[in-house]
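So that we are looking at the same thing, I have put the structure below in structure tokens.
Chain nomenclature is as follows: A, B and C, assigned in order of appearance, with residue numbering initiated at 1 for each chain independently.
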Amino acid sequence: MTLTKRKSFRLGDLVKQLGGELIGDADVRVSQVATLESARPADITFLTQSRFLPQLDRTQAGAVILGPEVRDASSLPRIISPNPYAYFARVAAFLNPAAVAEPGIHESAVVDKSARIAESASVGACAVIGRRAQVAKQAIVGPGCFIGEAACIGAGSRLHANVTVYHDCRIGARCIVHSGAVIGSDGFGIAKEDGIWKKIPQIGRALIGDDVEIGANTTIDRGALDDTVIEDGVKLDNQIHIAHNVRIGANTAIAACVGIAGSTKIGRNCALGGASMIIGHITLADNVNVSAGTLIMKSLEQPGTYTGVYPSSSHQRWLKNAAHLRQLDDLANRVRELEGRLGKAKRGKT
Amino acid sequence: MTLTKRKSFRLGDLVKQLGGELIGDADVRVSQVATLESARPADITFLTQSRFLPQLDRTQAGAVILGPEVRDASSLPRIISPNPYAYFARVAAFLNPAAVAEPGIHESAVVDKSARIAESASVGACAVIGRRAQVAKQAIVGPGCFIGEAACIGAGSRLHANVTVYHDCRIGARCIVHSGAVIGSDGFGIAKEDGIWKKIPQIGRALIGDDVEIGANTTIDRGALDDTVIEDGVKLDNQIHIAHNVRIGANTAIAACVGIAGSTKIGRNCALGGASMIIGHITLADNVNVSAGTLIMKSLEQPGTYTGVYPSSSHQRWLKNAAHLRQLDDLANRVRELEGRLGKAKRGKT
Amino acid sequence: MTLTKRKSFRLGDLVKQLGGELIGDADVRVSQVATLESARPADITFLTQSRFLPQLDRTQAGAVILGPEVRDASSLPRIISPNPYAYFARVAAFLNPAAVAEPGIHESAVVDKSARIAESASVGACAVIGRRAQVAKQAIVGPGCFIGEAACIGAGSRLHANVTVYHDCRIGARCIVHSGAVIGSDGFGIAKEDGIWKKIPQIGRALIGDDVEIGANTTIDRGALDDTVIEDGVKLDNQIHIAHNVRIGANTAIAACVGIAGSTKIGRNCALGGASMIIGHITLADNVNVSAGTLIMKSLEQPGTYTGVYPSSSHQRWLKNAAHLRQLDDLANRVRELEGRLGKAKRGKT
């Protein structure tokens, strides 16, 4: 996308580096990944679903990544992999390596003299780093970030511009935190006395594991008494809210606009769809999937997919149907009464 | 609202500038717009719905903007326009012109020497502008903003304080971007391999057209491979999430807290109500309206208004009715059975 | 949680300071609050619900706060209070006093010479304060904050890092504003003319009362013509959106991810659950509770709890049941017809 001339690689060398079976000319060179539709001859593309086969026929790509079941669906030079999407991810990462820290502290950054910044770390312009904070080797703290007192940023992690990390919080190694994210703000702890809300100091921390990605404007509150914990490998999209004392299990992926209320525990390898909401003080087992837009109001002890969404329709149709929702109990009673009058032994439960 | 003395204008001159038919004293002067209720003699007010006629009687305003059908509903000096609300918008903009850039780069801003900043542009305190970035004439980059490498800010656009624009992204001319907005953060692209999520580099851009407004803390992700595109004249409220590879058609307006998942295409002149959610990989036609709080799960090919919201009621009533939702299939079967026993030819479909 | 040595207090002195009845050794010393499960001998813990009694038996705490009905449920030194949670809040605040401003303006902050900063106030690194802005005594403006022209920050208020306050807005005394919050951004005011959206200047202000807490990345828009008003003692969690001209009554508490559309009035002492949404131009009475995830579409004139949430279930079950929602009107008609054929005088209304 930029005008910089890109480096290209032989398919033969790609396969040597990344695995996979090569069919066709090993000397074909590619420099970038692209979709079937927008690919040009210097690009390598990929096919993950058979419904895209017609686009495969028309692609201008120089090479393609295919699953074994469609290994001959194209005459292009191709790499066969049992998981073509993951292979594509590997190629994309190989061709687009992450930015490397330019070691050093920008002269406009304000770093407390008691903070420990690794020599190989990078601190951007106008970043502010508090007392006793630590930034480990090869970490990047972007322009305008704030790192509070005694907070730690792990090795190789990258905070994009304008991220805020409150005092005492920890971000593990190789994390990526996007702009506007706030880690360790106070949880919503209030107690009512004589009609007035009193603030409860939030003395726990927010602890982020290794290899976690946190999206733009996502907020993760610190714990009230104990800590809020995001385990290793968790992937969080944008504008997610994680309340105090939540724990998210390893390798769980959460789509944008999700809210998780206080003290809830989410298992490992879960997937929460966009704008789903999980109330407080419940537990979701490992391998639970929650559909987009679903509100979960009680613990889910079994893996599986859970959904609760009002289906949309034309507004007129919705008006007619939705009105009955407020009388559904009445309707059910009337059906039961009809059944009684017809002397029927009920088949189902109500 | 401030203590600065405001400039006032003759009604006659307003009409000369902005059109409309004047009834009454052309020499009356107004200096500000106001609601019917809070207007004082130096203010001009407006009426858009006949239900506000009683307030029109009581207003203290010096003048009023009316539609032709109520041209004589007041004896105040008045301007008649076929679209009084749009006329009010014009007067409001005339009386409250947008801030003009104070040309120059604040001495505390950090601007890479390869960036190109127009002489008439303004770069605020503690703003950071990366390599090869461009800020066009009369553009305003607010305090604390970050503009990434090779990003472009179009002529006359205004970024309020603390906006983040990632590398390679483009913002068109005459845009307004509010504080905390993040443009071009990575899309949520991950692929699972051996139980671990691998990040897929996001190499597309976020491209924002001309005359776009972007609300506070709204996030627009860059594309995965191709670009995320916001067409001209789109208006985005606060805390909206737009995922990678989404396209929003020209002049579409989106209310706050909306989420649009990846690769979805929204047509032109659409209106998405607050907190509506649109899943990924679907298409909404031009002129589609989505009601507040509605989740759209499939493509909408026809213009119109679509709704899917669970109607609220007292909690007690909700408890009674909602329980039946989980047995709705059973209830429908029982009704069908009753119909069968009564030998009825079914009238409707189930 | 930090390595700093903490100060400890005699239980006898705590009760002298904070009230409550002490049972047991007044010389026991505590230095921190903790949960029943994680408390150690130097901690004081608390019990708010009888279902936690088993944990009370096992706690390692040095003392406990109990309600009068369970005054003898533990043999630990204990403080009896009619509202143990509020008492705990008092103890927690006593043991964890809020940060005190380090008076002075950081040398990297950019403060307009016409701004008035109290001598006892603190302005952090890289903060930017505009013309004629005011920061009252003992207020803390965190690193990277932006305070616009003529905005006022009240006495003793604390803005954490990277908060944005637009021109002319006011924040009262003793407020806490978390990182990423935006106060006073433009409301979503647009008028369509000839198929194009025209911006309506937003000339009202955002006025925040005393003792208000505003969560991370929450946005409060300024008014269109009149002001947006948050009354005293309101508590706002993270990622809340409050649109132009909304008024929130005193001591109302709003959980995360809530959206309130334009011109709506929320009463006093209300509680809005997480991710609830309130449409525009309506009024909620005092003492209204809205359940999490509920969309309120009309004014609520009576106190009480209101709910409207589609209950979640397994995806399979949801598929079967939700399909009938689109034919609910038809189903109701069929039941009515069956009733008619059986000659029944209807018991309920439909």
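Following the convention adopted for this analysis, contacts are C-beta pairs under 8 Å (C-beta built on N, C-alpha and C of every residue); 3 or more make two chains touch, one makes a residue touch a chain.
None of these values were measured; they are calculated from a predicted model.
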Fewest hops from chain A to chain C - one hop per pair of touching chains: 1
Chain C against chain B, contact positions shared by both copies (same if over half, else different): different
Chain B and chain C: spacing of chain centres that average the CA atoms, whole Å: 25
Contacts with 2+ other chains: residues of chain B: 108, 126, 144, 162, 180, 217, 239, 257, 309-311, 313, 322-323, 325, 327-328, 331, 335, 338, 342
Footprint of chain B on chain A - complex, ascending: 1-2, 32-35, 38, 83, 85-86, 88-90, 92-93, 95-96, 98, 106, 108, 124-126, 142-144, 160-162, 176, 178-180, 213, 215-217, 233, 235, 237-239, 251, 253, 255-257, 269, 274-275, 292-293, 309-315, 318-319, 322-323, 325-329, 331-332, 335, 338-339, 342, 344, 346-350
Interface residues, chain B side, partner chain A - complex: 108, 110, 126, 128, 144, 146, 148, 150, 162, 164, 166, 168, 180, 182, 185-186, 188-193, 195-201, 203-205, 217, 219, 221, 225-227, 239, 241, 243, 257, 259, 261, 277, 279, 290-291, 294-297, 304-311, 313, 317, 320-325, 327-328, 330-331, 333-335, 337-338, 341-342
